[in-house]
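Heads up, there are several structures right after this.
Each of the next two complexes has subunit A plus one other chain: subunit B in the first, subunit C in the second.
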Partner chain A sequence: MTDLALERRARPPMRRITAWDRLKVNRNWLGFWFMMPAAGFLILFLAYPLGLGVWLSFTDARIGRDGVFVGLENYQWLSDDAVFWMSVFNTLLYTGVASAFKFAVGLYLAILLNQHMPFKAMIRAVVLIPFIVPTVLSAIAFWWLFDSQFSIISWSLRQLGLIDANINFLGDPWNARWSVIFANIWRGVPFIAITLLAGLQTVSPSLYEAATIDGASRWQMFRYITYPLLTPIIAVVMTFSVLFTFTDFQLIWAMTRGGPVNATHLMATLSYQRAILGGYLGEGSAIATAMIPFLLAAIMISWFGLQRRKWQHGEAND
Partner chain B sequence: MTRFDRRSLLQGGTALAATGMLTGPALLDWAKAWAQQAPWKPEKNAQLSLLRWKRFIQAEEDAFMELVANYTKATGVKVAVTNESLDDVQPKASVAANTGKGPDMFWGLYSLPHLFPQKCVDVSDVADYLGKKYGGWVQSAQIYGKSKGKWIGIPVAYNGNVMNYRKSSMEKAGFKEFPKTTDEFLAFAKAMKAQNTPGGMALGHASGDGNAWVHWCLWAFGGNLVDKNDKVIINSAETEKALNYAKQLYESFVPGTASWNDSFNNKAFLAGEVHWTNNGVSIYAAAKAQNMKEMAEDVHHALWPIGPVGKPTEFHVAYPIMIMTYSKFPQASKNFISFMMEAANLDPWVEKSVGYLTPGLVAYEKNPVWTSDPKLTVCRDVAKNTLTAGHLGSVGERAAAALADFIVLDMFANVCTGREDAKSAMKMAERQAQRLYR
Partner chain C sequence: MTDAIAGKALDPKRVLAASSAAADHSEGMSYLETVPRRLVTLYLPLAIIVVVLMFPFYWMALTSIKPDEQLLALDRFNPFWTWTPTFKHIEKLLFETNYPLWLWNTMMVATFATILSILASVLAAYAIVRLRYKGSQWVGASIFLAYLVPPSILFIPLSTMISAYGLFDTPLALILVYPTILVPFSTWLLMGYFKTIPFELEECALIDGASRWQILTKIVLPLAVPGLISAFIFCFTLCWNEFIYALTFISSSEYKTVPVAIVNEFVDGDIYRWGSLMAGALVGSLPLVILYAFFVEHYVSAMTGAVKE
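Up next, the complex of A and B:
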């Protein structure tokens, strides 16, 4: 027994704690590894393509052939390219007008759907249909609606005697722009309406009750209760909407291919035409990269907006 | 009953157009005999995939798929065929060329192989074999097929893009035959519009019909995108004349052609909305297939009117097929391409496509389809007559890019729709072209 006690006393001095030992129990280190799969995923599928795209825009890469670094040449060329600037204008117009209308109509629809009415669930589901239909399918439907010879709209108006020639929906530059914007609004409204509806349902009814007791009008209830409480959702949903609209491709491609005479070319479609169809990957990438500042601006606005307490709580206490 | 042994079958293959075509089991026997003799032996366990443009004519599809089935039966090589609409073949091929993954063969438009010549298998041996056997390649086929002296694609066939018109309306307008010159043609367009039977040609981004007519117009007046050294010369008095002519023509079009893509004029013509347009013979074929008897009888085809340059300036769609360098089965691919171009296969295929396809090999002009239906005769010579993308200049990737970016088409559309005057439209096109041809 004494042996044992002696032995225990004579144990070698404690091993010094190495950096590795510390690391092994470091929770941040562990967290890092738990994060890696997700980060790897993002790097591989988001950051790398983005970086590659930006890099390509500084080269004269063609399809099937690596390019050499040409600095800002692609951008210099684009800065003087009327078609490119028209696509920028078109994109801004498309995004601006479509987003504004989508917001207005979406909000209105959300408020309507928030009322109590018969078949509420069914109506809400029906509203989502434009959003569910594949873009290309709806684009083709619109393509027929706006057809220069067979448009049902032109036909009906002609039967009613209101016009005597078909409306040149997609053949006239401005008609074409409004037509594609209309199609985009039709598609985009449900997303905004349903998201805002979700936001509306988080507003506590007691606030409205209190307001009613105070004698608030319906407009006042909307202005001072609904709207402020909805702002965070609005900020998020509109950011998404602006991003989606800005980068829209399918609708335009299926309906007009950027025509007539480039009047509906968005930056995304022009980039595709130049890079994939024309084979000039470098220039196409430059057009795509030129979209980034606009997208960043849109994200920044909502990001900083979301940081502000006023936006979060709808009060003037910044 | 005739006995088919290997020798008589193979000999028969070269002279079928004259002697009548093999069908059914006889064709399969021929295919089996051919497979044993073929200059290219498929790799072991070869399996091929082919991406082609989507068919416009059902009978053409059936004939092609029958050919593919026979090939598989004769050689044991499976061929998976996928279709994409005309405009989507090129992007798919581009992506495949860039990533090195995809179908072994692409069958696309115009100068597609020239977009990435270094990604195409050298098929000079196939071209030589077929050329020797079938009377040689027409001029345009050699231009489309070759890059730097070697063949990078096999120009399987052309799709004649010709004038389609309703004979009854034309006669009503006081024209006995379709106009032969650009001046008469303008008068014709005006007269047709005046009697409420207008025509129209696509000015949207229509890679087939749109490119065909604006290039015809540009070349008919002596305009050119580039000269023979690939120097951009689009900004010229000739181009301006062509643009002004097109603008006058456009005023007699049915409204809305600026939004037309390749299929609009087919629909509008069959519905009686337009009475003349430029197209393949697919309108006629569709009218026949849909039993629109009156329409099928009334539709006629004509060659393009000749402009001040005094010679035809036609621009027909070319359909070249190519083998990608990443393919694991280049020999099988060559084997398949030579198989489908043999008379025993190509003759019935051309016949069933009702003249929609015109092969680029001289011997095929003897196919009875060109004479059995006089309406199709105009398509016989389209391979011989067509000018190539880039015309005076090279047919390489720059010409392909100029087509893909619709430089000439947009220039015409700009002027016709009144967005730009001829001078500024030419300047814009010149600037874009200089970028591609730097």
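Up next, the complex of A and C:
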């Protein structure tokens, strides 16, 4: 027994550690290989096209023909283009109105869902369905709901005696704008409500109990407890909401394709129409590139909104 | 400050609970709410919102099973119900159009793109959270920024790249491009999950001589299964929902995905097209709704996980 142990100890010394062995456990070397696939996708199909898009906006590229550098010509051309300015106006209106309503209704719905009620889990699950169903398919349903002749909304309002003639939802410029904005709000509310609900659930009920004992009204409880504690998550959710509303394409394309008379063209749909259908890649890229400053502004605002204070995530107070 | 408030609140609560412990099963402050009050402040507004959110789907489903003659004659029949449902539209959809093919295309593209993205994101998220190589913080932040780059500003340059590589009008183009949407999202989500796994487990494994690859496949991934499911189904949903790339890169009918096909192939002059159009929308949404019904919790955690920092 003892002999055996001695014998084992007398084995030849361990193999020397080679440079390869060191490399195999090197964080940076391993990290490089682990990052490869993701970085490959993102650099090749995200970062490079982002740069290429900006470059294309300075060329007169067409479909099937490489462009030459033309400087700011595309932008000069766009600055005189009434349809482009209309699309900028539409995009800002669409984003502004839809985001405001999505936030208001979403927050309200989140507060409602946060209360105790029968079938709570089921109601929450049902509320999220508009977010799950592909946008284009629900946009098609709205297209039918907003039909000029056979709209069930017009029919119901007529039966109630509120209107005399069918509403031309998607045929009249302002009606069409409000209709697509409504569809966007409808589609966006569930996402905001459910994410804010997740934030609300982290707020301790004892805060409300304390406030009740102190005689706070419902509004005061919302203003001085709920809202401050939700600020960080509101900042993130609204950044997402604003960004994706601003660059929306599918809803408009499925419902109106930018019509009637370009009244619902957003910058994204206009750039698709000019670049892919019209073939003017350079001009389309210029429209797409013109969205970037707005997106950067939205990201910056949320970045500063995100600077959270310590008490907002439950660390030691000072 | 918050702790102080919480501490103060505890006492009155205990007092209240003690005084009415026998009869009262209500929680917290709910004893302050009366039934009529709740009816006005809670159930009524909630009912209105839920009805508005659900009505387009009800209408979609109803239209797809209504017989043609009831579809447009709103005054002669009760438009909100039908006593003579028909599967004519769905039958026509499945047997007379390319719809099954489009469904198959969507499913295939979504599955492959999701698998590719999850593989790439698992590796990336693990490296950012646990290998912590030089600059991993910056890479993590830039992945979040990549999530904020919308497809609407990428589709034009991507379309020139796709045709330059000869991938135009092939499903492969979509499989390669969709990960740009999915990878940032799922990396971000998985980073959050990996952070919750105690690193002591990994240290033990390292001492026992496990390689990083073994740690990832034998310790981290089994513990991160809920996160992987969340990432998987959410990516799948995002793929199914994707429209602008599929619209731009695919031109022949047999490679189209459901959303693009519905918008482009169904819109003819037929006044009765609404039945088949709604049937198409309904059948195209059902797979996702069924998936959602099984994994509600995972969807919610994916959504909120992506929003959390």
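Here is the rule we use: the second predicted complex is superposed on the first by the 264 of 318 C-alpha atoms of A that agree within 3 Å, B and C clash if a C-alpha of one lies under 4 Å from a C-alpha of the other, contacts with A are read in each partner's own complex, and residues count from 1 in each chain.
In this section, a contact is a pair of C-beta atoms (placed from the backbone, for glycine too) under 8 Å apart; a residue touches a chain by one contact, two chains touch by 3 or more.
Bear in mind the structure is a predicted one, so any value in this text is a computation, not a measurement.
Novice: So if we stack both complexes on subunit A, do subunit B and subunit C clash, or do they fit?
Specialist: clash
Novice: With both structures superposed, pick whichever of subunit B and subunit C touches the larger number of subunit A residues.
Specialist: Answer, by number of touched residues of subunit A: C.
Novice: Touch test for A:276: subunit B only (first), subunit C only (second), both, or neither?
Specialist: The answer is both, since A:276 touches subunit B and subunit C.
Novice: Contacts for A:260 in the overlay, against subunit B (first) and subunit C (second): which applies, first, second, both or neither?
Specialist: First partner only.
Novice: Have a look at where A:82 lands relative to subunit B and subunit C in the superposition and call it first, second, both or neither.
Specialist: Only subunit B; A:82 stays clear of subunit C.
Novice: Look at A:299 in the shared chain and tell me whether it touches subunit B only, subunit C only, both, or neither; answer first, second, both or neither.
Specialist: The second partner, subunit C, only.
Novice: Determine, for the stretches 79-87, 133-141 or 403-411 of subunit B, which one clashes with subunit C when the structures are superposed.
Specialist: 79-87
Novice: Residue overlap on subunit A between the subunit B contact set and the subunit C contact set?
Specialist: Shared contact residues on subunit A (touching subunit B in one complex, subunit C in the other): 147, 149-150, 272, 276, 281.
Novice: Mind pulling up the subunit C residues that touch subunit A in the complex?
Specialist: Residue positions touching the partner: 1-3, 5-6, 8-10, 12-13, 27-30, 32, 42-43, 45-46, 49-50, 52-54, 56-57, 59-60, 63, 71-72, 74, 79, 116-117, 119-121, 123-124, 126-128, 131-134, 136, 139, 143, 145-146, 148-161, 176-177, 179-180, 183-184, 187, 211-212, 237, 240-241, 243-244, 247-248, 258-260, 262-263, 274, 277-278, 280-281, 284-285, 288-289, 292-293, 296, 299-300, 303-304, 307-309.
Novice: Touching residues of subunit A toward subunit B in the complex: what are they?
Specialist: 62-65, 77, 81-83, 146-150, 165-166, 168-173, 176, 256-262, 272-274, 276-281
Novice: Can you list the subunit A residues touching subunit C in their complex?
Specialist: 24-25, 27-28, 30-32, 34-42, 45-50, 52-53, 56, 61, 105, 108-109, 112-113, 115-117, 123-130, 132-138, 140-142, 144-145, 147, 149-150, 152, 155, 186, 189-191, 194-195, 198, 204-210, 212-213, 233, 236-237, 239-240, 243-244, 246-250, 253-254, 267-268, 271-272, 275-276, 281, 284-285, 288-289, 291-292, 295, 299, 306, 311, 314, 317
Novice: Within their complex, state which residues of subunit B touch subunit A.
Specialist: Listed in rising order, the residues of subunit B that touch subunit A are 87, 90-91, 94-95, 97-98, 115-116, 118-119, 203-205, 254-261, 264, 267-268, 271, 273-274, 397, 400-401, 404-405, 410, 413-414, 417, 419, 428, 431-432, 435-436.
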